[in-house]
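What follows is a pair of complexes built around chain A, which joins chain B in one and chain C in the other.
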Partner chain A sequence: MTALAERNPTVKAGLLLAVSLATVVLLDPVTLAALYLAGVAVARFGAGVRGRALLLAQVPFWSFALGVLAVNALSRPGTVLLDSPVRVTQEGLVVGLGLALRGLVIGALTVAFLASTPPRALMVSLTQHARLSPRYAYALLAGHRMLAGLPRHWADVRAAQAVRAPLRRDGTPRTGVAALGRAAFALLVHQVRASERVALALESRGLSDRPRTLWRPVPLDRRDALLAVGVVVAVAAVVVAGVLVAPLLPPWLRV
Partner chain B sequence: MTQVRRARLDLKEIVLLVGLGVAFGFLYWALVQAWNGLAVLMGPAGDLAQHVLLGGWLIVAPVAVAIVRRPGVGVVAEVIASVVEVVFLGSPVGPLLLVAALIQGVGSELPFALGRYRRFGWARYAASGALGAGLVFVWSAFRFGWFGQDVLALRFGLQVASGVLLGGLLARVLVDALRRTGVLDGFAIVTDERVATPVVRRAG
Partner chain C sequence: MRADPAPDPLDVRGLEVVLPSGAGVGPVDLALAPGEEVLLLGPSGAGKSTLLHALHGAVPQVLPADVTGCVRVAGRTVGTTRGADGSWAGAAVADLADAVGVLAQDPETGVCLPHAAEEVAFPLENVGVPPHVIGPAVAAALDATGAGHLAGRRTDALSGGELQRVALAAALAPGPALLLLDEPTSMLDGAGVTAVRAALATARTASGAACVLVEHRLDDLAGEDGLAGLPARWVVLDRGGRVRYDGPARDLPAARARELVALGCWLPHDVEETALLGPDGDLPAHAARIAPAARRVLRDGDALVAAGLAVGPPPAPVLRDVDLVLRRGEVVALVGPNGSGKSTLLTCLARLAPPRAGTVTGPRAGFVPQRPDAGWTRVTVRAEVAAGLPRGPGTDARVAAALDRFDLTPLAGQHPHRLSVGEQRRLGLAAALVHDRAHLLADEPTAGLDRHGTTTTLRALAAAAAEGRGVLLSSHDLRAVATCADRVLVVADGRVLADLDPLALLRDDVLLAAARLRVPPLLRRVAAAVHDAAHLRGALTALDDLALGLAGDLAGAGGADDVRHAEEPVGSTGPGSVAVAR
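Presenting the complex of A and B:
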């Protein structure tokens, strides 16, 4: 077990949301870069995501960040750095960098959270410590199982449709957007039916209304409080340091 | 016959909301996989082009409200779908998607709430999509610093148009089609109307 995996899921989820919301008011690239490095360190050493897995998990966040950076550099009015073939402004570049780093901070922390938190532990902990109704928690856990079965069901629907699909000249079935839409609708119908059956199964096991006892409760202790205080202090320290360092920065890095 | 409205949702209805969240979460995920390649090819225009699909993220709320017809269902369905995307599918937007989902849900549900969950015409679906997209635009614009960009009005127009089409009118098409399949027979969308039009009995 890694250090973060032993901590309480509700506390981790709360911290993740709090830090994500805090980044929304930050725009200074230096502070955000420091937070990003800290986030990657948490994912690597706190949650044990290493090497290739750590890089791959961040690819979607990087591509998202690159898009944000590019569109801001090109579409924000300000001091023009480059006029042809496209107009790039200094303000756009710095603001874009800040916005892109926001996404990366959240991304690194989300990777750490997901790698250290099994869905079951999260749901049990939320019913224990966040007063989430068990009816919603068990429904969501059932949804997690349904999700695992969906890719196979999608393949089944596509295979069934391919039987009657018009063929290309080489004999392979022709597939278009309309066929994908029909498959998506079939999947939706299946899902409505499946959820009715799942609800019946849950109810027949007594998972409906009464107060419940818990199998394998998730612990919440002093170390979780320590984690919460530690994260808040660390983020606050980085933000304060960022404000102190700001006057020393070269003018081209200022917003 | 007046109906007694239960305050809480049945387990069947909760699981349906989760089921819809899972199905749409999976379809979005497949869509995003296909979309990312295109967005990379389009370069910086990809960021703008993604607004065209924004309405797709709203659709689960009107569909859920139309089927279950109970206050709060749109918001709950939208939040559940975002939980599925963040916790189960690892969406790159991260936990802030929950905040966006909450805002979208409120916007999408409002027109139906004003109709006391009894009116489900085309215009109401369109208003639902427009309001969902419009409300969340304020949050996105704040979060991504769109205020002060040259393309602010274009972004707004694209998102609201997408909301009306994909997050509103398409929802009605989908709900009608689902209803015709018969899978919704056990839900309020069908049972409420059965109650509203009582069977005529022969006298004596």
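Presenting the complex of A and C:
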């Protein structure tokens, strides 16, 4: 078990939210880059996400970051760094870099959070420590289980379409775009029907708003407090260092 | 005042349910003593599941319906009507979790949480059991259902049979006074059925709970024990949802047994034998008198050929070195234990998954998956049959003919998902056969079907072969295999162990053991009396003819009224016990 996996999910979720909010007031690329590197280190060493998995998990965030960077660099007015073949401004580049890094910081920490938090622990902890109603928590958990079955159901629907599709001259099935839409609708119908049965199963097992006991509660102790204090101090230190270092930076890197 | 401190687990008085569709069940009066078991029987669509749902309030609290009468579970009145403030007048479904354990048909949606042990602990937490008691209770419940080894497993990695055992453990864990079991094996494959049946047998006796069991595959459930292997009390519903019989199974008159066969129920082998052949009937002698089935005519050309096939996801193929030829006009069955790669082989032969090695040549085959409902993409039965065909009057005529052939014309305008299991299977076959491919591959086409549904399906497959198609079906039901197949491919341990005729398989104990196949008692007796496979097929077909004949008699004798009015409200049509109209 990794260091982060032993920590309380509600505390981790709170810290993820707090750091994400803190980055919203930051635009300085150097500070944000430092936070991003710290976030990747947390994912790698705190949550044990290694190599390829760590890279793949961040692909969506990198794609988003690249988009944000490009849009800002190309569209923001300011000192022109490059005029041909496209116009790139210094302000656009720096602001874009800051915004992109914001997304990456949140992304890396989210990867660390998800990799170190089993869904059951998160939901149980939220009912224990954040007063989430068990009705919602366990319904979400059941929904999460259903999500895992989606790819298989999609394959079933597509296979059923393929075996009845008209054949081309070479004997292979011909399925069009309309079939994709139909498959998506079929999947939706299937999920709605399945969720009705799951809801009944949850209720039959006694899920309600009444007080319930908890077999394996999720612990919340001093080490979680230490984690919270540690993260706040670390982020504050990086931000303060960023402010102190700012005057030393080359002018083109300043916002 | 009663002196007995423990109230009856179940006390139902004058219960009538009418669903929004107009179908319904009742009136029902049913009282169960502690530990008493009831088998609820009836044809598809009789309202058995609806009645079970009504016993713990799911009807009408979750599934809307008009309910009259009174249901009391362990002394508590179940809420069937709303009070002035909109809340249920009586216990809600969730309030009864400590008194009622429920096991539903579908294993996928009967288990809700990511880990098996948490699933079993969940109802205990909900009813407020102290945490230190929960661990031992979870272990005991899992052990009672033969699922102790699954405690630490993730539920998304479990098979259907394993999921049902975990769900059964969760139903048993709170120590309920009443167990409601709704065809718990109808969606499972062979191995799952065997495992869950064993678990049910142990759990029913160990828990001491009263039990209402809905099941129509009674021959399997009873096994070698025959009638003695089943709950002693039977309640029989007719097609209209009325109670036809409520009493000891042993006292079931022969006429009622015949009626059950006529309604499509699978009966324990001893009861079926008496029902079909009369009290003095001699099955082996009867079988020996039957003429062999006609030999099938094989057609040349367009064979489906697999050579050196290896199938299955990485790392190691589940099945390898498969060489097979499916000729037009023959019926071939694929049998083998759970996980031996039967379904994977069929999807590969249907060109839905590429082989790991080897080739599949020949025309593209039609395919009916194990759960045809997973693939419905249209909103009416008619449109579903027409899916993939070009538009035009020619197609309309073909679709109409296919609907008619599978008795689906009255359902043509319905949504495919609203059909019963048997109707879904018929639709799957109609939708596959309308395409007129040279071969038909069917994955467990008779699983979960009642007796008539099974006969209809097997005869449709035989007819498809007679029309010149090659038919390859997988099945765990050796009786179905022996009724329709010319050849049997036995797969186990990663390869094809044998390719032989059904009778040779039934007489090869070593092979049966290797493929973990169980021969039902009735089939064994018939097999011992015949001299070749065609004779076996003829004898089994003759038994099916007798069963269908009884259905015809029932319809002719006035039972047809029930059939015709099955979709109408049945609330006020008759008293609780209707005399058999014979």
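Assorted remarks:
Everything that follows uses one rule, which is that the second predicted complex is superposed on the first by the 255 of 255 C-alpha atoms of A that agree within 3 Å, B and C clash if a C-alpha of one lies under 4 Å from a C-alpha of the other, contacts with A are read in each partner's own complex, and residues count from 1 in each chain.
By our rule, a residue touches a chain if its C-beta (ideal position, glycine included) is under 8 Å from a C-beta of that chain, and two chains touch if they have at least 3 such contacts.
The shown structure was predicted, so the numbers you read here are calculated from the model rather than taken from an experiment.
When both complexes are superposed on chain A, chain B and chain C fit side by side without a clash.
Within the superposed three-chain model, A:Asp156 lies in touch with chain C and out of touch with chain B [touch as defined at top]. Looking at the shared chain after the overlay, A:Ala246 reaches neither chain B nor chain C. When the two structures are aligned on the shared chain, A:Arg182 is found in touch with chain C, with no touch to chain B. Of the two partner chains placed by superposition, only chain B is touched by A:Leu74; chain C is not. In the superposed pair of complexes, A:Ala165 makes contact with chain C only, with no contact to chain B. Once the two complexes are overlaid on the shared chain, A:Pro211 sits against chain C while remaining clear of chain B. Using the contact criterion defined above for the overlaid structures, shared-chain residue A:Arg193 touches chain B and also reaches chain C.
Of the two partner chains placed by the overlay, only chain B lies in contact with A:Leu114; chain C stays clear of it. After superposing the two complexes on chain A, the shortest C-alpha to C-alpha distance between chain B and chain C comes to 6 Å. Once the two complexes are overlaid on chain A, the chain A residues touched by chain B in the first and by chain C in the second are 119, 142, 144, 185, 189, 193-194, 198-200, 202-203, 207-208. The touching residues of chain C, counted against chain A in their complex, run 56, 58, 62-63, 92-95, 97-98, 100, 102, 104, 106, 108-115, 118, 121-131, 134-135, 138, 155-156, 167, 170, 174, 347, 350, 352, 363-364, 366-367, 369, 371-372, 374-378, 387-390, 417, 431-432, 435. Partner chain C is touched in their complex by these residues of chain A: 118-120, 138, 141-142, 144-145, 148-149, 153, 156-157, 159-167, 171-173, 179, 182-183, 185-186, 189-190, 193-194, 197-208, 210-217.
Touching chain B in their complex are the following residues of chain A: 13, 16-17, 20-21, 24, 27, 57, 60-61, 63-64, 67-68, 70-72, 74-77, 95, 98-99, 103, 106-107, 109-110, 114, 119, 122, 135-136, 139-140, 142-144, 146-147, 150-151, 154, 184-185, 187-189, 191-196, 198-200, 202-203, 207-208. Chain contact summary for the complex, chain B toward chain A: residues 10-12, 14-23, 25-27, 30, 36, 39-40, 43-44, 46-48, 80, 83-84, 86-90, 92-96, 98-99, 142-145, 148-151, 174, 177-178, 181, 183-184, 186.
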